[in-house]
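Below are two complexes that have chain A in common, paired first with chain B and then with chain C.
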Partner chain A sequence: MNTRLLLILLLLPIVAFAQESNDSDNLKIAALEALMSAPPEKAMPLVDKVLAGNHSTEVKERALFVLSQIDSSEAQATLLRFAREDTSELQLEAIRMIGIGGDKDALASLGDVYRSGDADVRDAVLEAYLIADDATAIYEIAVNADNEEDFSNAVDMLGAMGAGNELRELRGQAGVSESLIDAYAISGDASTLRELAMDGSDPELQTKAIEALGIVGGDQVDSTLVEIYRDANSDEVREAALTGMLISGHDSGVLELYQSASDPAEKRQLLEYLVMMDSDAIYDVIDQALAGDQ
Partner chain B sequence: MRLAKLLMLVLLAGTLSWSESSAAELDGVSADGWHSWHVDNAEGDQVQFYVLIENGKPEKIRSLSWNCRKPTRDKINDHGEVSASESYAWFRGVVEDSTVEERVRDAALFGLVESGTDDAFDYIDQILSKR
Partner chain C sequence: MNDDIRKLVEAHEADVHRPPAHVVEQWHSAIDEAAALERGRRQQPRWHPGSFFWGAAVTGALAIGIGIGFVLSGDNGIPAQEPVIAYVEPGVGATPAAFTRGLAVHLRDSRQQITSLDDSTDATMLLLQIIEQNRRFEMAAKRNDAPKLARVLRAFEPILLQLAANDIAPEDAEALRAQLAFELNVMLTKLASQPSDESHTT
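Let's turn to the complex of A and B:
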């Protein structure tokens, strides 16, 4: 018997077992999902049994999902127990499932889980609040953060949620920071960014805010960026306004600035930006140059 | 004499078994087309089931709470009220029929649970307890 045949014969039972195990898990998952249509008092003992038993992580994760869909305090208590006490991937899944379930008391309890958890747990709690659309809870985390990373993660989440009020409130509580400016951009808060873009008390944050305006984009922002460029009293601010226009794709504004500029070095820089933007306006510039009217 | 009594018992058992299966409302749920029935489950909830049979096999399974049901159309074979245990047995048959598509068998698990008998939950427990 050659080696390859021997290997196949040896592997066949393993492959067959894996397939059988997979089929068995699929059936268990379907059975668990069916329990979502059962009364809580009938479903809970069976789901608890799965969570206490020797099953694959996938099956147990689905059991946690089923718990999140069962309207009973007992189901929420079990989810919280896993969120607090488990140390495996199931802990993170239980936290996320509390977010999906959206039970107010269970969500409030995640605050303690966040404070005592490691980085993965803290991320999962933020995700749960994101899923539950609980911006207030994330705001509390940001306000009470004792390090930049936790603050930044919470602020990023608020940005993704478009939680404008909470982010503006944070400016008063924690001061302006780069992560806050990014969140204003992601949440589309042009008016706050415009305020920061006009504030020259911290040049670094000012330029960051100007560039972030480009991410928000829109006609009003485009006009503001041209205005900032024209009124700039430093090269850094001027360059940030150009970068903002590059990001928002406001090539007509750059062309307008090119046409009104008189300094050759400035004209060259504006032309470079038009090229970077792959703008058709460059042909207008060439036409004007060929016509000799610049 | 003992043998005659035994034979009588066997015959009687056979007759009872036959009469039970012949009385089963869901025996006809194998003819192509839509079928419908409702059960009054142990929770006191009424559930209406709709099943589409194609080529002799279940193709679609839908369930509605009694309050959400629609008037039965002419083309649906309405089997009326069926016992929860018979409904459970029918759905279990679908779950265990390996020739039926997996998505339909998964839907049958919902029907089985919604039939609401203790047997249904014991059966789910059996599935979940498999090694």
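Let's turn to the complex of A and C:
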């Protein structure tokens, strides 16, 4: 008997077992799905049994989701137990399910889980708060963060949630930072960014705020960017305004600046931006530039 | 300039002919760069299907990528697909029963589309469309006083975003698809087993 055949024969029971196990899991998962049509008092003990039994992580994860859909304090207690005590993937999944469940007490308890957890757990808690649309809880995490990464992660999340009030409040509490500016951009807070863009006390943050305005975009922002460019007293600010217009796609503003510029180097730079922006007016501008009209 | 923005701008610069493939490429890049950024931030990453931190980075990149991509592409870069939600304008005269029916259609369509996803470029486009529709239904759920449904829909998004990433391992993608299919099925079962105004019982 050659080696390959021997290997196949040896592996066959394993493959068969894996297939059997997979089929078994699929059946259990289908059964869990069906549980959703059962009344909570009947579903709950069965889900508990699955979670306590010797089943695969996948099956138990599915059971946790079913649990999140059962409106009962027992279901929330079980989820919280997994969120607090488990250390496997099930812990992260349970935290997510508490977010889906939206129970106020369970969500409040996640604060302790966050403080005692590792980076994955902390991320999962932030995600749960996002799912539960609980910007206040994330704000509290940001305010109490004792390191830049945790603060930045919380701020990112607030930005994704469009939590403008909390982000503005954070500016007063923690001062302006790059992560906060990014979050203002993602949350679409043009007025705060405009304020920061006009503040030259920290040139680095100012240029970042100007560029971030481009992400927000819109007519008012476009006008502001042109205004910032015109009033700029440094090349950095001027370039940031151009970048902002590039990001917002305000080619008519760049064209306007091109037409009013008289310095050849400035005109060349503006022309380059118009090319990058694929402006409809670019061919006329090129034509004029080649003819020496402008 | 922020590195993320610079990379997106560079991707923008290359997109002078507005071919759909470039737009798709931009989205891929934005997602992958954000994913790489997040991976770099963690010394010993432990991948978790539901981790939104990974998704939060993607969200940021995607928000920018979608903004720029849509501006650049116009109608050319997006495959035509009639959005299911078009007939269920959130909160504007939609009765809970109509909302529930619309949501069931959305969940069913999403399940079907997700289970038949392949590795083609169109898969990313399709997922982004599902995300967009999912957000509309999430808003509709909030307006229809169905916070529990809104939370479930919100929980789908990180998974959808991870599926939209270009560099996800096939086995991880398969696990995510299976998880999402299950959760969609459960929600469909739940919707079917409750009266039409169930959304008010959350």
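The rule we apply is simple: the second predicted complex is superposed on the first by the 275 of 294 C-alpha atoms of A that agree within 3 Å, B and C clash if a C-alpha of one lies under 4 Å from a C-alpha of the other, contacts with A are read in each partner's own complex, and residues count from 1 in each chain.
In the analysis below, contacts are C-beta pairs under 8 Å (C-beta built on N, C-alpha and C of every residue); 3 or more make two chains touch, one makes a residue touch a chain.
Because the structure is predicted, anything quoted here is derived from the model rather than measured.
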| item | value |
| --- | --- |
| Room on chain A for both chain B and chain C (clash or fit) | fit |
| Chain B versus chain C as contact partner of A:E33, first or second or both or neither | both |
| Partner chain in contact with A:L270 - chain B first, chain C second, else both or neither | neither |
| Touching partner for A:K42 - first (chain B), second (chain C), both, neither | first |
| Which of chain B and chain C A:L107 touches, first, second, both or neither | neither |
| Which partner reaches more residues of chain A (counting touched residues only), chain B or chain C | C |
| Touched partner set for A:G249, first chain B, second chain C, both or neither | second |
| Chain B versus chain C as contact partner of A:I210, first or second or both or neither | neither |
| Partner chain(s) touched by A:S24 [first = chain B, second = chain C, both, neither] | first |
| Partner chain(s) touched by A:V155 [first = chain B, second = chain C, both, neither] | neither |
| Three-chain overlay, closest Cα atoms of chain B and chain C, distance in Å | 5 |
| Residues of chain A at both interfaces, chain B in one complex, chain C in the other | 32-34, 37 |
| Chain A to chain C touching residues, read off their complex | 29, 32-34, 36-37, 58, 61-62, 65-66, 69, 89, 92-93, 96, 99-102, 119-120, 123-124, 126-127, 130-133, 149, 153, 156-157, 159-160, 178, 182, 186, 207-208, 211, 215, 217, 240, 243, 246-247, 249, 275-276, 278 |
| Partner chain B, residues of chain A touching it in the complex | 24, 26-28, 30-35, 37-39, 42, 46, 49-50, 53-54 |
| Touch list for chain B against partner chain A, complex | 43, 63, 102, 105-106, 109-110, 112-114, 116, 121, 124-125, 127-131 |
| Residues of chain C that touch chain A when the two form their complex | 1-2, 5, 8-9, 12-13, 15-16, 18, 41-42, 46, 48, 50-57, 59-60, 63-64, 67-68, 71-72, 147-148, 150-152, 154-155, 158, 175, 178-179, 182-183, 185-187, 189-190, 192-193 |
